[in-house]
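Have a look at this one.
Think of it as A, B and C in the order they're written, each chain with its own count starting at 1.
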Amino acid sequence: MRFKNIIYVIILVLTTIITSRSIPALVKKIVYESNGYPLMYYSSRLKELCIIDFREMKDAFRDVKGNVYPRSQYDSLLPLMNYRQLAMDGNLPDSIEGHAMDVKVLRSKQVVYRFRPSDVYSPQPKMGVLLEAMPKRGSLSLPGDYFRMNDSEMVFVDAETNSVKNAKSKMFTAELQKKGFEFPAKAFWGNPTVRKPYEEGYFCLDNNGELFHVKMVNGRPFVKNTGVSKQVAVKWFVMREVSDKRFYGYLFGQNGELGIVESNEDGGYRFVKMDVRPVDITKDDITIMGNMLYWTVRIYNSEAMDCYGLRSSTLESLSTYHQEKEIGTWDRVADVVFPVILSPSSPDNGYVGCYVLHFSAFAWILSVILALLVFVFIRKRLALHRSLIVSAVVALTGITGVIAFVLLPKNRFE
Amino acid sequence: MNLFKALSYKEWMKTRKFILVTFVLLAAVAVYSYIDITYAIRMEEAVNVWYGFIFQGVSVSSLMMYLIPLSGISMAIIQFVPEMTNKRLKLTLHLPAGETRLVSAMLLYGYGVLFALYFACVIFMSVIIGMILPSEVVGMMVLQFLPWITAGLAGYGFTAWICVEPSWKQRIFNMLISVGLLSVLFVSIYPETYSDFGWGMLLVLVSSFVFPFYSCVRFKQGIQ
Amino acid sequence: MEKIIECDKITHYYGDRLIYADLSFDVEKGKVLGLLGKNGTGKTTIINILNGYLKPRSGVCRLFGEDMNNISPATKSRVGLLLEGHVQHTYFNVQQIEKFYSAFFPKWKKEAYYELLKKLQVLPTQKISTMSCGQRSQVALGLLFAQDPDLLILDDFSMGLDPGYRRLFVEYLKDYASAGNKTVFLTSHIIQDMEMLIDDCMIMDYGRLLLHRPVKEIMDNFKRYRFVAPGQDFRLSAGNDFWSPSVLGDKWEVYSFLNKEEVLSKLSAMGVKEITEEKLSLEDAFIGLTGKY
């Protein structure tokens, strides 16, 4: 059959793709040791960032200047982190930097946020839900309809009847148009859950890149252009209703800006940029731990971590720390054995694709040598063109190519 | 002579009961999904049921994840195991037509029947689910079905590849490779996660059509 | 004469065991050739090689002049194939299987099939899977006649058949072959059947083709000779003239293509006084050529 050789090559290539996924995954399961980044926190007592890794140092922790502190002082040196424990032990100080240490106030000022690139690069909800922002009974509840943003209007669909609520849709669309919203919407971001302290609705990005605040108050639409796009070109927004109502959520700019959207004194909106390095939302993970006085922000990826201690009120940087990723056993093995590792999934992306998780030039050079050995070995039994193709595959993929070749059907008389 | 029509008579005789069973099962699972959702709506209110679909990636019909791929694999077993009994494939290959055309006709019959069944199922489900859930959720359901349908069709081709392979040792290897290729289609069941992977699904599908011809070559070489 | 089947230097091994080396033969148009041999001498193997279902170590076969690996559809329709065990698609019934095959052959002769099946006394709706071996063989034969091929290749047509069916098969085949100047290439274990049917005979031995001659020539010339050993030290071994010598007590038997006078003259040189000549059936001749176990 004419296409016999072409089909053989197709089988070989596809099998190699599979082995380039499964063999490294198996080896990783065998050798991988966790080598993440340590917990970081800005100490209000020491006025410095602290590195807390009790796996590395069991009875101590240190600050970024290198000073070591005993574990027994963990609570007292990090009071804003451990205020609950201190309160339980009766050791809560009266005040810090002139601010009273009231447990209720402290709790309302706590901020915790974790960002992963897959939050953005994954299927986003195609509909939203606007809860009543001023509920009569005090607690939030689902309104019974869901909205979609069409090319030219905002449409509400009643869940019980699966039909459009024309009046409500027209009302909201009209208000949007009146406030200058240009359809079609590029995106809309909200926090569709009833388990939060209050409702601030959605932030919608119109066709011009203007960020609008949309919510439902007493059944009527509230629409306002935040004006934030004058300060920063909006790429992504995450709605977070914080207990102290200081800000609406986190904003990511087109040029790597990271910050929050606060309400200002005139009832307007203000973007406050965090004093950190530019963020690449396709690669960087972010954790934010904030308290009444200071915010500790870690921005990290597979290469390094940058940590910042920010003043809570202005988000200006008071201390920074940079740490390269430790090379673990798995990294060493992969650099030698696997020139390329493929996977249909990626930690940074929720979509299925063909991801190259790893590439090692050193392993690739070793693979070329392996390919030469393989060529010499199989040339005795296989035709020239087939030997060349198999060797080429091994040169590109290393041992996973050899395993793929072994799995493939052999001709007779080989 | 219309080769496809003539050969399809044999394939139909082998598979007609199976096709009927699969049709009934697909319809039953579709209707059951509808019943299940309307039950949930009565128990928990529509607004809460919609919430799960829109925001939490709840599947409209998770049973389809098993039924569709298994039906594809079973179709190949029912079509090709009888061909391998007593090496009856020799009779088929001896028919007065090119061997590539003969094998293509057998495979296209299977792909065609399965595609028709799955397509009908998707249309049917879109209609009945569209009555109670918004179009966005129906769209998510269709996108969620795509990798499973690809797994059904590709599973058919790979199973044919395994059945026609004459040597048992190589069959085991073929199974390993097939499992590896099909597993790519089950990496995530969250709806819409495969929307960028159309080319990948197509590649798996095309390879499943192409591989069985290689087993046929080995069969003709008389490999044991 | 047109050569329908040609085999040129076929060499094949199963693992390390040699089946044949440089096997070459032809079958001319209109001949009925029987392939005889003990189990394991490669009869089914050569049928598989001929039809392109087995790739030999080296050598090539041709059917109607076409290489066995690339037989054109037109040629395939001229070749009728009966696989060992009368293998057929068992999920069909009698009617359906005829309907299936008829779609592939423009010159399909439906009457030929049903005429043969009248003898079977089966309903058209009977499934092939519920038939006995003999009934299945009739169905297979009926399908072949309906196809009306120019070359029939039959692998062990008598397997599993009782004498009645075997006789029926042989008569029909002979009739079919002679009526249309068809070529037949067949193998069988049951040599009595072959005797009535075949024109030429190929006898396989382990690793080689023993002889390829018209049956008439063998039947006319190959005889068995019996004699008494002249003394206790008498020994006779196989050679060019004498085939499969064996002894029971002092009674010897040996086979030869030579006539009685020539045999007597050779044996009397060794001291033998008297010999008896016996004519052979094809089966006796086969045993004489290949030896008992």
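We adopt the following convention: contacts are C-beta pairs under 8 Å (C-beta built on N, C-alpha and C of every residue); 3 or more make two chains touch, one makes a residue touch a chain.
In this text, all values refer to a predicted model and were calculated from it rather than measured experimentally.
Chain centres here are C-alpha means, and the one lying farthest from chain A is C.
The innermost chain, defined by the distance from its C-alpha mean to the mean of all protein C-alpha atoms, is B.
The largest tally of C-beta contacts between two chains is found for A-B.
Between the CA-based centres of chain A and chain C the separation comes to 77 Å, rounded to the whole angstrom.
Centre-to-centre spacing of chain B and chain C amounts to 47 Å, using the average Cα coordinate of each chain.
Chain A and chain B have Cα centroids lying 35 Å from one another.
The set of chain C residues that touch two or more partner chains comprises 55.
For chain B, the set of residues touching two or more other chains reads 221-222. The set of chain A residues that touch two or more partner chains comprises 412.
The residues of chain B lying in touch with chain A in their complex are 41, 45-51, 54-55, 57, 99-100, 131-134, 136, 139-140, 147, 165, 167, 170, 173-174, 176-177, 180-181, 184, 187-188, 190-197, 200, 203, 207, 210-211, 213-218, 221-223. Taken together, the chain B residues at the contact with chain C in this complex read 1, 5-6, 9-10, 13-14, 82, 86-88, 90-91, 93-98, 219-222. Residues 1, 3-4, 7-8, 10-11, 14-15, 18-19, 21-22, 122-123, 125-127, 129, 142-146, 148, 157, 159-160, 162, 192, 344-345, 350-354, 407-409, 411-412 of chain A are the ones that touch chain B when the two sit in their complex.
The touching residues of chain C, counted against chain B in their complex, run 48, 51-55, 69, 73-74, 76-77, 79, 81, 83, 85, 87-92, 96, 99-100, 103-106.
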